[in-house]
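Both complexes shown next keep subunit A, but they swap its partner, so subunit B is in the first and subunit C is in the second.
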Partner chain A sequence: MKLHWSRTAVGRRGFLKGATALGAAASLPGGMATRAAAADDSTLRVRAYGDMQSMDPAYSVGVTDEEIHASVYNKLVQYKPGREWDWQLDAASMVEQVDPTHIKFALRDDIGFTNGFGAMTAEDVKFSFERIVADATESPNKPDMGPLRHVEVTGEREGTIVLNEPFAPLWSIALPYIAGNIVSRAAWSANDGKVTTTPPAESGPYLRASWSPKEKTVLKRNPDWRGEAPAWDNIEILPIDDENTAEIAFEAGELDFTRVSLGSVARYRDGVPNGGALLEYPSLYYAWLGMNLDHPKLQNPKLRAAIQHAIDVPTVLEAAYFGAVEPSTGIIAPGLVGNRAASKIPPEADFTKAAQLLAESGETNVTLKLDTLNKTTFTTAAQVIQATLATIGITVEVNVLESGAFWASAENEDLQLVLNRFSMTPDPYYATAWFTTEQVGHWNWERFSNPEFDQIHQSAFKESDLDKRAALYQRAQDLMEDSGAYRFLTHEATPVVHSSRVMPALRPDGLALLRYFEKG
Partner chain B sequence: MTVLKSQSRSSQILRAVLRDRLGMVGLVIVTLVVACALFAPWIVPHDPNAMNIQDRLQGPSLQYLLGTDQLGRDIFSRMLMGAQIALKVALPAVFGAMVIGMLLGMIAGFGPEWLDSLLMLVFDTIRSFPTVMFALAVVALVGPSLNTVILVVMLTSIPTYARVARTQTMSLRSADFVMAARAAGTSSPRILAIHLAPNTVGVLAVLMAMDIPTVVALEAGLSFLGLGVKPPTPSWGALLKDGYALIRQTPWLIVAGGLPIIVTTLGFTFFGEALRDAVDPKVKKGR
Partner chain C sequence: MLLGYALRRFGVAAVTLFVAVTLMFVMIRLVPGDPVQILLGPRATPELQARLTAELALDQPLLRQLLIFYGNLLQGNLGVDVFSGRPVTLIVLEQLPHTLRLIFASVLWSVPIGILLGAYAAARPNTLFDRVSAVISVGVVAAPAFVVALLSLLLFSVHLRWFPAIGAGEGFWDQLRHLVLPAFAIGLSWIGYIARIMRASMLEVMGADHIRTLRALGVAERPIVLIYALRVAVLPVVTIIGVGVGFLLSSAVFAEIVFARPGIGKLVIDAITTRNYPIVMGAVLMSTALFVTATTVADLINAMLDPRARAGK
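Then we have the complex of A and B:
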């Protein structure tokens, strides 16, 4: 819009009027002033903990990219918002597993790509899925697609996904998550397959209108979208790393939705500003204390057992997570197949038993180093562990590392104890993958190696019987605990707040499904 | 006779510092900080490392003067003990840097030209690294500890002292009393030790007083990044770090971490400036 300025002289009285009005506006609480300006717009403002990295699903780095991809692209199926893990049809009008290795699908006939790249066809599905597993693509998301052999195109909008072997996570990870995004074959080919931060064609209910690095990503309603209309005209996604900052922005009315820190949960339980609400969701992350089984100081199984029994998990969680989380029983969170009802060693410390085990181990003057990230949550947890282990006579030196040095711990041969936390997708296959013998020297920092565990990891993802599959993963976690290399701590939690103008649509782990956000 | 002269000069400097109002304030603060550091183990109301999870994140009270942190530890006690850590890093680091820097600087200024060029090249190379980045790199390589911080500060500060000592030495090496000593057959090491060192140490002492707050801030910065002293050792930077993370739960932590850094920095700066004016009144006149 072009603004036309008229040359009006500003007299003293006029200046004073303007200054008074400005002053009155400035004296409004920040939230009110901002909300007053934004009250009649249809822009949803949400916080992301990181900035967008890639608009190519093959190179997506995770949640921060997926929040955008899930809004501007389509998948055969999407996660269903709610408290239970489930999926719903998206670009597909039909998906049917005809046998353990063949999945038939048919696409809707009303989805098209922008920039003149035409209707979405089965060829686009074939292109999108096969390029994820192609060696030439070198996609970090290749494991998500599992044992995909190829996609057979049987019609313009029909096809069959063919697997080399049964793959249960297809329904929980491959199709509804990062690797399941369908891109335009023609658009990607026109770019020689190289798509970085600008999408050559989109198909979702939103289009990416702009991206200002480290500032914001703006999505706007796709005018050609024929599916159910999204509630918001625009979505602004603001990358804010720090939760304190995000909370202040939310309370000032600058954000409609954000994850908040666990330390603020108690405060928000007493009331959320701007008429909003607090929602508490469980998380899939898992945090644990690991012990390097290859380290000379940790060869004695009774010493490791003594450490397991001496760590009082509830105290660690009270101090480091403000008591807002529950103890975990392993690496698979409640709600997922394979979650254990209880761990073999109770979360509460048993100092008598720990001292007895230490005496039986014959180890004296035990001094160990505990590596941890330089985040307050972890350093706090480490100090509680340090204090509790001191009660049975084990001296712990807390070694705080910045993220670069910490995540290179696989190469640290002197690694002894480590406080760690991994992210997770909603399938147990993703959890056991990092603790196999093959992962020693990569992500398996405890150097845990067990043939039965490896066998379970290799076979459980093929199991279609849910009970049998659950039993296998429960056994896998028993083996981890029996090794003495792990003291499981928590799956953490995902507390989020939203303003009264928004009705969020969230996955069961509290992550946002922006395209389904409604107005409050 | 030399001792009497020295005492008289010291008294003059002290009197000049005390006459300067800001210098006086600085001296009081420095004395308080040093006293806190020296007597902290005896004056802290609580064990600074004793955890009491039930009492975590409490506000100020008679029991806990500045409240408690996320582990229920007394913030006031940790703040007092933090003074000890700050000076434990700052004093040996700055003193070590001054001694080594003075020695190398005098050698560079008095020795042959090739040695001067070589030492200057080394000093300039070290100075070309940004201190914080250099500190982060060293900590990442050898791991965080009190000794690592001292070592990093010492290494990065040596060139500054060396350059000042070199300049002072170069300006004095043609002085009459040095020429006279040379004519009398006095050896170079003896000239450096007896004639040049006493005339250099005063300037470096002023520099040292001015450097202490920088080092305190550097240690706090490293601890703020979680790369300074190891937990549970209380340090002002660690208090700041936890305070920043918990600012919405308890603002007292960040006050307990930030205030002593500000006060100590001001104190040493006021004292250092007054000391500089007293040692070299021409500087004051020139201002």
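Then we have the complex of A and C:
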């Protein structure tokens, strides 16, 4: 094709007029006459704190992967957006616990896999769940499926999940989270079971359209999806490590949804740019000060009790978390089974009692080392703890570590005090798992070992009576506190902001359920 | 003679590359923290940990690990990413163009301005322009690049919305727009460096015998400055640009984080944090090669422009 064009004569006057107009346009708010973002109405742009790592649910290791998986795959049930933990049907038209170890399910008849891999069947459910627990798979998500024995296929779309023993977290972790994603048996087999970053078949309301490493993942509407239509045609998930960068991008109109730093909460409470809104959700994280029970310097229980009583949790939270979070009562967050209404030791310090306990301990000239991550929040918290312990005569040396070195603290035999923070899934079973005797030398850095605690961890997940289960986990946290190895600090919080274009759908801990995001 | 100089220079470059990569290989393994535990997370089975330990040869003595690394490298094999199972070479080559574009854009806008500023100031020493340019040069050198980055983001992205705040863009023009602010942030201080070096070099050349001779012969001042003085005075700048690639590589790390851009710097930081040794080594190898290549090319250009350089004088 030949293009014709004619040269337009532009005189000095014409040039000046054009230049003036351009200059005026550039000086207008929204400069260059267009928004930098130029996001179209059908594309939702959200921030993830990391990049996608695997499209295989068996090897997915985090929230970012799951945000994508939950949009492109289906589960029998999904988390229900809202402020309280609950689930709703997804690929299943029916799920029923017929007895403590048998769960019957029936699949919807309108879900199919892409790339010609056919309708979703009970065989796909069996394949997806059983490969998670198979030793050969070596899935890090195996514990999430708990005591799964097998899935019995009773019809093309019907089956029964059979457990070796009752497993309460099945409903809070196994089915609605990473391990519960149903993949195509035929597609995975066609790939010899090796799926890395390209999904061979998808079935959800979105399809993964593209992935640019360290840049973005793009989801597009699945044209063959027969369920309730998602609101957005496209979703762009941008990996942004730095929360400040994410906030700037949000304020520049380039993001519709992002988690923000706790330090920015006060500012956003006064108003969110672009007509957006701030939502404050609690978090499942738990932060605490731990004491290594095996360390010679921390053998005296009265010394440990003195430390517990001398740490003023509200002051720590005010300084390190800008007062945007609440003190915690243990490792199990509010809203979950087993959360304690109050800790045994009040969050406020009792310096008189602490000094008295220290005197009774007979310890003098106590000098301890406090290890912490090189993040401002933790270094600030460590400095406050250092100052408050100094008031009763305990000298603390703060040892700031880079993340790789910090997370290898199990190898550190000289570990004394440690400021720590773990994440968890919405079931107490996940939290207690790290503090058992079996975990000493791995993730139980306090080297806390209590037979009753171990027994609770091994039995509480089988308990179907919620009240009894709650009492067991509350007792477990009492035991942790009584050991003197823990001073619980906070569960932190998840503040998020969203633009006026979007109505986010969030889990009770503030994490995004992208497939349910609506238009604002 | 130039060929001999080039061969010597390539030899030095190869040795530099070997020493730098070997040092990095050893240093990353001396940092505390079990890479297998950090990489696989708390829920990995002991069998999986053992398998990865063997795959990464972490159960071997350090010297043997190094020999295995160089053996694989000679076969063009940098290994695979532990998380995604993708070849490290591919991952690094995906990220490299983003960093190269950023460095190139920074040099492209800052160096000509720096040269012009320095040359013009030297041609009019002790004038108001010279003094103002000195203040500007020192000012931009003193301004931390991360402050420039944040301020430019707030002004040009949040307030005026002229340029995008994050990402690398798609398509030529969009990528160009995404380059403006990061290239501005890391290139700004370069104007100051280049201008000061250029001014000093130019003043020295302008006082040289051959310039005095040209003046005595009645050659006009403009050709003296633009043709005879500038060519010689620019030599230190060429050298500095070569060395400066290393500086720009390190600046690119923060630019990639602040502007949420993909690139080698961000790749290395993420990989070091997770102790992802194959990615660390692949990225370090590539960025070291880039630095060594840049300094070598700068030296060769220098040698071409100035025969004294290739004679080692």
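Everything below uses one rule, namely that the second predicted complex is superposed on the first by the 480 of 520 C-alpha atoms of A that agree within 3 Å, B and C clash if a C-alpha of one lies under 4 Å from a C-alpha of the other, contacts with A are read in each partner's own complex, and residues count from 1 in each chain.
Criterion: contacts are C-beta pairs under 8 Å (C-beta built on N, C-alpha and C of every residue); 3 or more make two chains touch, one makes a residue touch a chain.
Because the structure is a prediction, the values reported are computed rather than measured.
Contacts of A:V398 after superposition on the shared chain: subunit B is touched, whereas subunit C is not. Judged by the touch definition given at the top, the superposed model places A:E318 against subunit B, while subunit C stays out of reach. Using the contact criterion defined above for the overlaid structures, shared-chain residue A:T379 touches subunit B, although it does not reach subunit C. Touch criterion not met for A:A190: it reaches neither subunit B nor subunit C. Using the contact criterion defined above for the overlaid structures, shared-chain residue A:L466 touches neither subunit B nor subunit C, since it reaches no partner.
One of subunit B and subunit C touches more residues of subunit A, and that partner is C. Within the superposed three-chain model, A:A249 lies in touch with subunit C and out of touch with subunit B [touch as defined at top].
Touch criterion met: A:S264 reaches subunit B, while subunit C stays clear of it.
Residue overlap on subunit A between the subunit B contacts of one complex and the subunit C contacts of the other covers 244, 401-402, 404-405. Residues of subunit C touching subunit A in their complex: 31-35, 37-38, 40-45, 47-48, 51, 83-86, 91, 94-95, 150, 153-154, 157-158, 160-168, 177, 257-263, 266-267, 270, 272-275. Across the complex, subunit A meets subunit B through its residues 244, 247, 261, 263-264, 267, 315, 318-320, 322, 374-377, 379-380, 382-384, 386-387, 397-402, 404-405.
Chain contact summary for the complex, subunit A toward subunit C: residues 26, 29-32, 35-37, 51, 53-54, 61, 135, 138, 140-143, 194, 196-197, 212-216, 238-242, 244-246, 248-249, 251-255, 401-408, 410-411, 434, 442-443. By the touch criterion given at the top, residues 51, 53, 56, 70-71, 136, 139-140, 143-144, 225-227, 230-232, 241-242, 244-249 of subunit B touch subunit A in their complex.
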